[in-house]
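Given below, in the form of structure tokens, are the structures.
In the two complexes below, subunit A is the common chain; its partner is subunit B in one and subunit C in the other.
Up next is the complex of A and B:
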């Protein structure tokens, strides 16, 4: 048994009072959970504390909170570990972020999480009639690809941690986009291209992920939502060539094209090429692209004024000494019929155990 | 200590002051750097989004070049994004000999091959400072303690998440290193909300509003916490926090005007280098207030 200090965020909207912190002492063995600690306080000191929980085994996804600022399931976090990470040993527990608070540690999952999940049409749109007399199953190879997205328990931890949603509440977000990949990667679904085109066209869609890894870090089930978002983008541009108005397609084409040409990034060309769907000429002539270029102009001028950017650097970019070799690698890999991918969720990632790891080709050709 | 050195693209592009300050600082820290001038871009997450095998091949090539540098203890990068993007590739390459062989097949014409060696590493300058040089050794080298300078750390996402991939099991304090370095060189680390959040740079072309609201908010938080400047080990963060700062101000509807130092610049100041030698005139947001404080330190 050990003594722990819990600092809980309390809030009751009906009281008319602002949220406040309340301190409690609990006594538990270190291997018990933060949820056990909260329930002990509720049992012994204050029954009015609001917390949502059910299974206590990281399956139901009900007890998502922020522990010492980090989104997690309270039942899946050892109280001893939390105390080690807490400032001065104090464990802070707050409701999840990016969602309205109903009471104390209970957030309104309906207002944000479920609304966004519904946004991506989270059901199968079959491309053919289901076979009669047997189960309509996903082929094993394709199952490998969607298993990771299917592991989601809808706890909302990733939504709570999402740094893009923090400044743009309308961003579809990590959980819903991972759910979208679950169907885009499912060969039984007949609406892959429509789904991707929809998510690419949305101003708050799949191109608004800022690569911050917060969702990957907090997910209790290793769904790696950001990796699923990258897969959506890869399929949208690589397999379907979907051009969007958010420069998602253009940015990828521009960046990859510049590395193929020069080996390192020619920054001065990245913006115009991104605005021109990968083309420098389109980026400097199409009205919409020019408008965006003009918007970015003051930044460039400031760079020139401080000597950060020189006219020479803006116009000329040296190729790597062995750029021919880099181009050869691009050509070799782009000529594959299948993209070679290694998903560590499937093969394991323990470098000591090399036996089980094999590369799986992706299903799209 | 001899190191294979990957400077990245942006340090030789829009943040030349970073590349220059590393060149000045390295000898003072007894770092013998062998620049990998034939290596290609790490992909910055974008090539990975396009094609995994391609980004793994480009970085395996860089690693192979680094492994071929005779007598090098490891490889150094100076960009959080390079660190994260390359660690992601290294994790895959190390996980499967079959996959590694497939990727290495693209390097054969150059007689290169990335070998999984248990003790070979690729570390950001920040990690080198703390883990290889050591905070005590750094403290001994300080010529001008940055006494009274209030510095807000800005890590960059790629160097702090995901912790599982970035060696936090062995080095659990990697998300505290900037504070530790600031304290070792006599400055005061400022605690504020944005230190480990996203600068917004990756979406600057896709969603300018989200991007600059992120940058603006963190800069404003640092100002409100009383910081004199920010410091970052990531030149991409620097682009959004410094170069885009005047634009970011309009997205958060307030004045910002807070200088952002590159990590090697901050260390260089403490090691006695002059602001000019560290390219501190090449920032969009003027560093004159920091320079004035440094000059006062010298006079004191």
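Up next is the complex of A and C:
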């Protein structure tokens, strides 16, 4: 048993008062959860504290909150760990971000999270009529692959932590895009290309993700939403060649091309190549890209002013000394006919653990 | 007043499946749930769903295993229906998009489970319930014509003057408004009552609401003494470790390193039925061969690493997050824990209760397909088959019925009742105190081993708690998300459930399935091969009656695994 200090963000919509912090002391073994702490306060001191919770085992997805500022499920965050990370040992618990607060730690998930989920047409659009008297026959790996997205419990932690959504509240967001991958990766679905084209064309769609990894970090079920978003992008560009007005396609091509050529990112070339088809200096940029380039100018000017960009660096980007190694990686990747998409259900968390694991398949009788 | 043909209360697998079937049957449907549908406890079903889909397997074999597992208390007509319809139900789910595990040929892959004579459990890693629940919700979102009332708490069922069901009174949790819903048929799919016991594998929402509401309007409850203790739960917290672990080969050991199931079930070993394994563990623990924390050990390390990653990921997480144990490297301490109620609101094979227009499906119902002991991976099947049957039957049965007339009096009565709770003086005990005492009482006296004295003590305590619950104190006086007042209502539901469980357990003077009476240690088919029914009798003790077990083709035999 140890004593912990909980600082809970409280808000009573009926009081007319603003949200405030309330301090409570709880007594629990360190391996118990922050949720257990909150429930102890509710049980012993004040049962009016609002928090959704049910399973206590990180499967129902009810108790998404922010603990010491970080989105998480209260039920699978150990109270001892939270105290170590909290300032002066005090554990702060707030409602999730990016969603309106209804009361105390309860957010309006319907208004944000579920609305975005419904945006991605979240049901199977079967490719063909269901076979009579049997299942669809699909590769075992494909089912394992989408199982990672299927493991999502819709807790909203990723939505809460999403930095892109903070800037663009209309962003479809990590949870809904992971849900989209659950269909795009499912061989039984017949609308892969339409789904991808739709998500690519939407200016709040899959190219709105800025690769910040926040969703991967906070996801309690290791769904890795950002990885699912990257898979959507790879499928859109690699499998279907979907060219979109958001320049997602051009940006990816430019990025990969520059790395292959230079080994590091030639930033001065990235924008023109993303918007157009080729080098700015050689005048290969398409006219329609000029407008977007002009709009990006202030960013460049700021870079010059702060010294982040220098004319020398911008024009003469050096290749990596051992650029051949980078080329070799590209060659290795290109030599595979298929893209390898590995997820947790296939490799586990730590592939190094695999030594000694047998390659035995499922034990069918 | 919201009006619908069919009102489904509860949105786990049974409720969602019922709603979809009723909508398909042409009825206007609403589904009400006190939590968002994907928060429902069906999520927790890890291992899988049984179906004799393989041409080598037969539904008769599945049905026999189920009958034997039930210790011959299951109704064989209902079991036959469930097992016969299982393959079709499973394929329907697959066609809707459930990401079932595949074998090398891309066909559905299966795993072994307890009490089964063949491997017939189909699964999605160890998140089967979650995967099915979320896919059903996908279908529900697709069917916009099904009204969803998410986060609405139903307080009471409402009948017409002639006793026919007419609707329900429900509180919008979001703003506290109480609504009278009118419906021609109501399907209860509110799940189990595990919260009456502490610890339990059940979620905090599993408070037996539907069982209590049906009981209060006069529907008989059946087999309520039959409460399953799952063999592998974490000590203290009660969290579940799937039977799928043992299905994949995991083994049980006592503190002396003995694989003790050799003594109790030499053929099926760890995959004997759950009542048998739980009793074996509890015997080892009681006789001093367990660990000091009152547990035995489950060794998952014998399962190949690759198999653990693809099939048992969730319990790796549970072990790591909630017990600090890496189950891929060391055994984990487990014990039997409250898990499932085989009993519930008595229904026929269409889900109809004795109240006209009132149906029940899933864990809150007792058809009975599980009898004295449910087989692992039969619960998902039960929810889906009888959820669908209830929805389809209700949609058909209401055609041509006159409009119901739920009286506003029922609404006013509920309103006053809630107002009284909110405004009463805070002199009584706290909800949490009464709940904790109830949980400890059930765990002590109404668990794996029971006897007359213990059960009588439990009944006394439960009845005292019922009194105390009448004046329970609440802190929250608000309207928005007043979880405190809902807790007070749930407490009363739980106490009705607990009383029914204890009264039935006292009544059954034999040992069968999950009920083991140390004072009556054998099964007694002559006197007790029958269901115990409880009916509410005003404020007095529940009225006990009996009903026949339906036998079709399997005569009772001695049960060996």
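Observations
Here, the second predicted complex is superposed on the first by the 286 of 365 C-alpha atoms of A that agree within 3 Å, B and C clash if a C-alpha of one lies under 4 Å from a C-alpha of the other, contacts with A are read in each partner's own complex, and residues count from 1 in each chain.
Here is the rule we use: a residue touches a chain if its C-beta (ideal position, glycine included) is under 8 Å from a C-beta of that chain, and two chains touch if they have at least 3 such contacts.
Quantities reported herein were computed from a predicted structural model and do not represent experimental measurements.
By the touch criterion defined above, A:135 reaches subunit C but does not reach subunit B. When the two structures are aligned on the shared chain, A:186 is found in touch with subunit C, with no touch to subunit B. In the overlay built on the shared chain, the residue A:198 is in contact with neither subunit B nor subunit C. In the superposed model, A:102 lies in contact with subunit C only, and not with subunit B.
With both structures placed on the common chain, the touch criterion links A:76 to subunit C but leaves subunit B unconnected.
Using the contact criterion defined above for the overlaid structures, shared-chain residue A:239 touches neither subunit B nor subunit C, since it reaches no partner. In the superposition on chain A, A:270 makes contact with subunit B only, while subunit C stays out of contact range. Look at A:214: by the touch rule set out above, it reaches subunit B but stays clear of subunit C.
Overlap of the subunit B and subunit C interfaces on subunit A: residues 344, 347-348, 354, 357-359. Here subunit C touches subunit A in the complex through residues 35-36, 38-41, 43-44, 91, 94-97, 99-112, 118-119, 124-125, 127, 130-131, 134-135, 138-139, 141-142, 150, 174, 203-205, 237, 239-240, 248-249, 304-311, 313-314, 317-318, 321-322, 324, 328, 430-433, 436, 474-484, 487, going by the rule given at the top.
Per the touch definition, subunit A reaches subunit B in the complex via residues 163-164, 166-168, 171, 203-204, 207-214, 216-217, 230, 233-234, 237-238, 246-248, 250-252, 255-256, 259, 263-267, 270-271, 274-275, 295, 298-299, 302-303, 306-309, 313, 320-322, 325-326, 328-330, 332-334, 336, 339-342, 344, 347-351, 354, 357-359. Those residues of subunit A whose C-beta lies close enough to touch subunit C in the complex are 12-14, 31, 42-44, 46-48, 50, 52-62, 76, 78, 102-104, 106, 109-110, 117-118, 122-124, 126, 130, 133-140, 143-144, 146-147, 150-154, 182-183, 186, 188-189, 221, 344-348, 353-354, 356-365. Residue ranges on subunit B touching subunit A, taken from their complex, read 9-10, 12-17, 37-41, 43-54, 57-58, 61, 84, 91-92, 94-99, 102, 106-107, 109-110, 116, 157-158, 161-163, 197-198, 200-203, 205-211, 213-214, 217, 243-244, 246-247, 281-284.
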